[in-house]
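Below: the structure, in C-alpha cells.
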C-alpha cells in the first residue's frame, strides 16, 4: 500500500514539474511549486520522515510561496518566451541524470533493512537515544544533541539569510547613489 | 583549560560575535567586536598550529559524542594551514573595511556588514576545520550565503546580477556536493570523513555509487573553486564586489574550496581510488593547463583592473590543480604552498585597488593613468604584489612556482615546466599594462589633484605586500607545514 | 481590506490558536514531530496572516523592528551560550550533560533550551523577511 | 476502509493537479491549489491511521494552516497587488490581463 | 531486469531532480530559475529520504511495542538542508527584487543586453 501511494504521489510530482517547465505565467508556476512542495511533504510522510514533512510543508508550501508571491508583487508576472533553443542545458542535464542513474546501480534497494546505511551509525541512535537523552523522538535528539553542531550551523544560516535580506532590501529607499570618491583627505 | 577547546573556540568566537554585532547596533562597537573576533580567531589558529606541529592531529568531539556518531572537529596540518590563511587575511582586512567607501554606502547598517563579514569568516573556518562531511556543507553554505550578500553590496548594479549568478551556480555546486555526500553515505553508512575513508574499501572500489559520488563531488567543488570551464561567476563577482569584499573573498573563498577538493579526493576517497582506479590525473592536468592559459589571455584584454585580477585568479587556480594532478608529495606541497602565497598576493593586490578606488572611484585602466605620481606608495605596493604574482625571485609567488617546477621535473615532464614559465610571462603582460598606464601616462584632467591613500587603507595593503616578500625569503613555516600536510594527504591513501 | 468581515473575524479568532499551536510544536517536539524550527515557522505564519489581513503596519506595532532584530541575534546567542555553558562546566562545547547533576536530565534541558534558541531566531527571521518584502516599494 | 478512502483522495488530488495545470483562469488555479491542499490534509490524516500512528494529525493540522495562509496571500496579491496593505489604505492597481 | 527492482523509486526522483536542474540552467527568468532551484533541491531531499526508508518500519519516534524504525539520520540531515534551502531562496528573491529595481526587468537576456550597451 505505502509503495503504491508513493508511486502515485511521485507521478503527480512529475506532472507538476512538467507544468512548471512549460507554463510561462509565473503566478501559476509559483502555485505549482507550492503543490510540488506539498507533494514532496506527502512523500516524506509515506517514507516515515514526519519531521521532515512537517518542515517541508511549513517552509516549501508556506513561507517560500508567500515570499515568491511577495516578489511577484514587486516584479512581474509573465515570463518571456525563451529566445534560443536549449540544447546545451539539455545535454548537461542528461549527463548529470545519467551519472546519478549509473550511481544508483550499486545502491541498496529501496526499503532494504540490511542496507549498510541502516547498519552502521543509525542503530546507535535508535538504541541509545532514550538512555542518553530521555527523548522519544530520535530525530529531535540527533538534531539537537548528537549533531547539535550542525543545527547550530543551520540557525546561523537562517541568521545569515535574515541579515542578508535586511542588508539588501532594508531602507535603501533614500537613494542608491554610491558615495563619491575622496580625492584627498578633508582637513 | 581553554587550550583543549581551541578547535571549537576559533569557530564559535566569530559566530557569536556576528550575533553580538546585530545586538549592539552601533557602528563603532560592531567594528571593535569584529576586529577583536578576527584577531582572537587568528591567535587561536596560531596556537593550534603550534599544537598540531607538536602533537600531531587533534580531534575534538563536539557535544562529547564520539565520532562517527557525533560531529568531530579534526585538525591536521592542512586544516590548520587553511585556518591561518582565512583568519590571517580576515584580521588584516577587518581594520581596512572601517574607512572604505563601502561603509559610507551601507551607512547605518554598517553593523550588519560586519556581522556578514564575520559570518563569512566563520563559515570558511568551519569548512576548514570540520571532520564531518555534512557539517562541511552546512558551513560552506554559511560562507556562501554571506558572500552573496557581501558581493551584492557593490556600488554598480552589475554587482547584483553577479551575486545572483554566483548564488545560482554556487547553490548548484553545493547541491552537487550534497548529492555526493548522500551517495557516500549510501555506500558506507557514515558521515565522518575518516570513517568513510576506512569503510570505502569495504564498499568496493568498483562500486558505481562511489564513482558517481566522486564525479559529483569534483564537479560541485569545481563550481565553488571556479575551476576553468565552470568559472563564469568569478570574474563578475570579484569585479563588482566592493574592494574589501573582493580582497577577502579572492584571498580565502576559492582556497577553502580547493581545500574541499583536496580533502575529499585525497583523504576521503584516497589516492588509490582517485588516481589508480579512476583515470583522473590526466583530466585534472589538462584542465589545469587550460586554466593557466585561457583566462590569462582573456585577462590581457580587460579594461577594468579588478577584472584583470579576477581572471588572473582563475588562472592561478590552474597552478593549484596542476599540483594536485601530479599526485606526488612535491606536487601537493606546491599546491598547498600556492594556496597560502596566492592568498597573500591577491589579498594585497585587491587591497591596493581598494585604495585607488577610494581616491578615484574607479578601477578602470584609463582612469588609473598617471596615478603613480599622486599615489606613489599605493602604486609601489601594487608593483610589489604584482612581482609576487608574476613569480620574481625573493617573492612568495616565486616560491610556489619553484616548488611546482621542481615537482614537474621530478616526474620528468620538462614541457610542463616550460608551460608554467610561459604562463608567468602572460602575467607580466597583463600586469605591465596596468603599470605602464600608472607610471608613464598622463593623468586625466579631473584626477590631477588626487592625493595618497589614507594610512588606515595603505597599512593593511602594505602588511600583505611585505608578507609576500617575507614568505619569499623565509619559507620555513609556509613550506614546512605544507610539506607535512602533503605527506599526510598522500599517506592517507 | 476593510470589507472582508468574515476574513477579519476568522483571522482574529484563528491567530491566537496558530500561536498556541506554534508553542505546542515548540515544546512537544521531544515527543512528537516538530521542534524549534517548525515552531518558529508556524509562529511566524501566525503573524504573517495577521499582517496580511490587518496590514503590516499594525503587525509591526506589536513587533517593532528592534524587537525582531534582537530576536534574530538572541536566538543564535541562546544556542551558542548553552554550548558555552557546557564548556565552562568542564565538558566539550555543546555537551549538555553537565547542565544537571543527572546526565540525562542535562541533555533534556539542553535540548529544550537550544530548541528555544532555534525557534526565536527562525520566527524573527521569517517575520523580518516577510515584513521587508511586503513593505518594500520601488520608490 | 482507509485504503478505499486513500485511493479516492488520490484520484481527487490528480484532478486538482490537472485543473491547476490547465487553468484556464488564475481563479481556477487558486481554487485547485486550495482544494489540493485540503485533499493533502485528508490524505495525511488517513495515512496516519493506515500506518498506525494517528499522532501524525499534527502534520495534517500544519498543512491546513499553511494552506490557508498561502491561499490568502495569493488572493490578497490578486486583489491589491501587494501584501502589506492594511484596512483603509488605498489599494494599488496591478496590471490586468495576460492571465494564461 | 529483476536486478533493478527497488531502484525505480530512485529513478523517478532523479528524473524530477533533473527537471529542476533543467529549469535552472535553461530558463532566463530569474524567478523561474529560483523555482527550478527549489525543485532541484526538494527532489534531492526526497532521494535522501528514500535512502532512509526501511520496509515495514515506522517513523523514528520511539514507542513501546514497535521494533522497526526507519533510519533517523537522513531525516536530520534533510531538516538542516531544507532550512539552508529556504535561506538561499529568501536571499535569491531579495536579489531579484533589487535587480528588478535597478534594471526594470528580470529576464537574463534583457539584463545582458543592458549591461553590454553600457
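A, B, C, D and E label the chains in the order they appear, each numbered from 1.
Heads up, the rule we're going with is that a contact is a pair of C-beta atoms (placed from the backbone, for glycine too) under 8 Å apart; a residue touches a chain by one contact, two chains touch by 3 or more.
Just so we're clear, the structure is a prediction, and the values are computed from it rather than from any experiment.
Undergrad: Determine the set of chains touching subunit C that also touch subunit E.
TA: Shared contacts of subunit C and subunit E: A, B, D.
Undergrad: Would you pick out the chains that touch subunit B and also touch subunit C?
TA: Both-contact set = A, E.
Undergrad: Taking CA centroids for every chain, report which one is farthest away from subunit D.
TA: B
Undergrad: Given the contact rule stated at the top, which pair of chains has the most C-beta pairs in contact?
TA: Among the chain pairs, A-E has the highest number of C-beta contacts.
Undergrad: Tell me, please, which chain's centre (mean of its C-alpha atoms) is farthest from the centre of subunit E?
TA: Here the answer is chain B, farthest from subunit E.
Undergrad: Taking the mean of the C-alpha atoms as each chain's centre, how many Å separate subunit B from subunit D?
TA: Centres of subunit B and subunit D (C-alpha means) sit 46 Å apart.
Undergrad: Compute the distance, rounded to whole Å, between the mean C-alpha positions of subunit A and subunit E.
TA: Between these chains, centre-to-centre, one finds 4 Å.
Undergrad: Between subunit A and subunit D, what distance separates the C-alpha centroids? Give it in angstrom.
TA: Here subunit A and subunit D have centroids separated by 19 Å.
Undergrad: Using mean CA coordinates as chain centres, what's the gap between subunit B and subunit E in Å?
TA: 28
Undergrad: Going by the contact rule already set, what residues in subunit A reach two or more other chains?
TA: 48, 50-51, 53-55, 58-59, 62-63, 66-67, 70-72, 74, 100, 104-105, 107-108, 115, 117-118, 121-122, 125, 136-137, 139, 143, 145, 147-154, 156-161, 163-166, 168-170
Undergrad: Can you tell me which residues of subunit D touch two or more of the remaining chains?
TA: 51, 53, 55-56, 58-59, 62, 66, 69, 73, 82-83
Undergrad: Using the touch rule from the top of the page, what residues of subunit C touch 2 or more other chains?
TA: In subunit C, 25, 31-34, 37-38, 42, 45, 48, 69, 72-73, 76, 80, 83, 93-94, 96, 122, 129-130, 132-134, 136, 138 touch at least two other chains.
Undergrad: So, with touch as defined above, which chain pairs make the list?
TA: Those chain pairs which touch are A-B, A-C, A-D, A-E, B-C, B-E, C-D, C-E, D-E.
Undergrad: Quick check: in the complex, which residue numbers of subunit D touch subunit A?
TA: Touch list, subunit D to subunit A: 3, 6, 10, 13-14, 17-18, 20-21, 23, 26, 29-30, 33, 36-37, 40, 43-44, 47-48, 50-51, 53, 56, 58-59, 62-63, 66-67, 69-70, 73-74, 77, 81-83, 94-95, 98-100.
Undergrad: Would you pull the subunit C residues touching subunit B in the complex into a rising list?
TA: 69-70, 72-74, 76-77, 80-81, 83-84, 86-87, 90-97
Undergrad: Mind pulling up the subunit B residues that touch subunit A in the complex?
TA: 15, 18-19, 22, 62-63, 65, 68-71, 101, 104-106, 109, 112-113, 115-116, 119, 122-123, 126, 132, 134-135, 138-139, 141-142, 145-146, 148-149, 152-153, 155, 179, 183, 185-191, 199, 203-204, 207-213, 215-216, 357-362, 447, 449-451, 454
Undergrad: Please output the residues of subunit E touching subunit B within their complex, sorted ascending.
TA: 21, 24, 30, 33, 37, 40-41, 44, 47-48, 51, 73-74, 77, 80-81, 84, 87-88, 91-92, 95-96, 98-99, 102-103, 111, 115
Undergrad: List the residues on subunit A that touch subunit D in their complex, please.
TA: So the residues of subunit A touching subunit D come out as 1-2, 5, 8-9, 12, 15-16, 19, 23, 25, 27-28, 31-32, 34-35, 38-39, 41-42, 45-46, 48, 50, 53-54, 57-58, 61-62, 65-66, 69-70, 72-73, 77-78.
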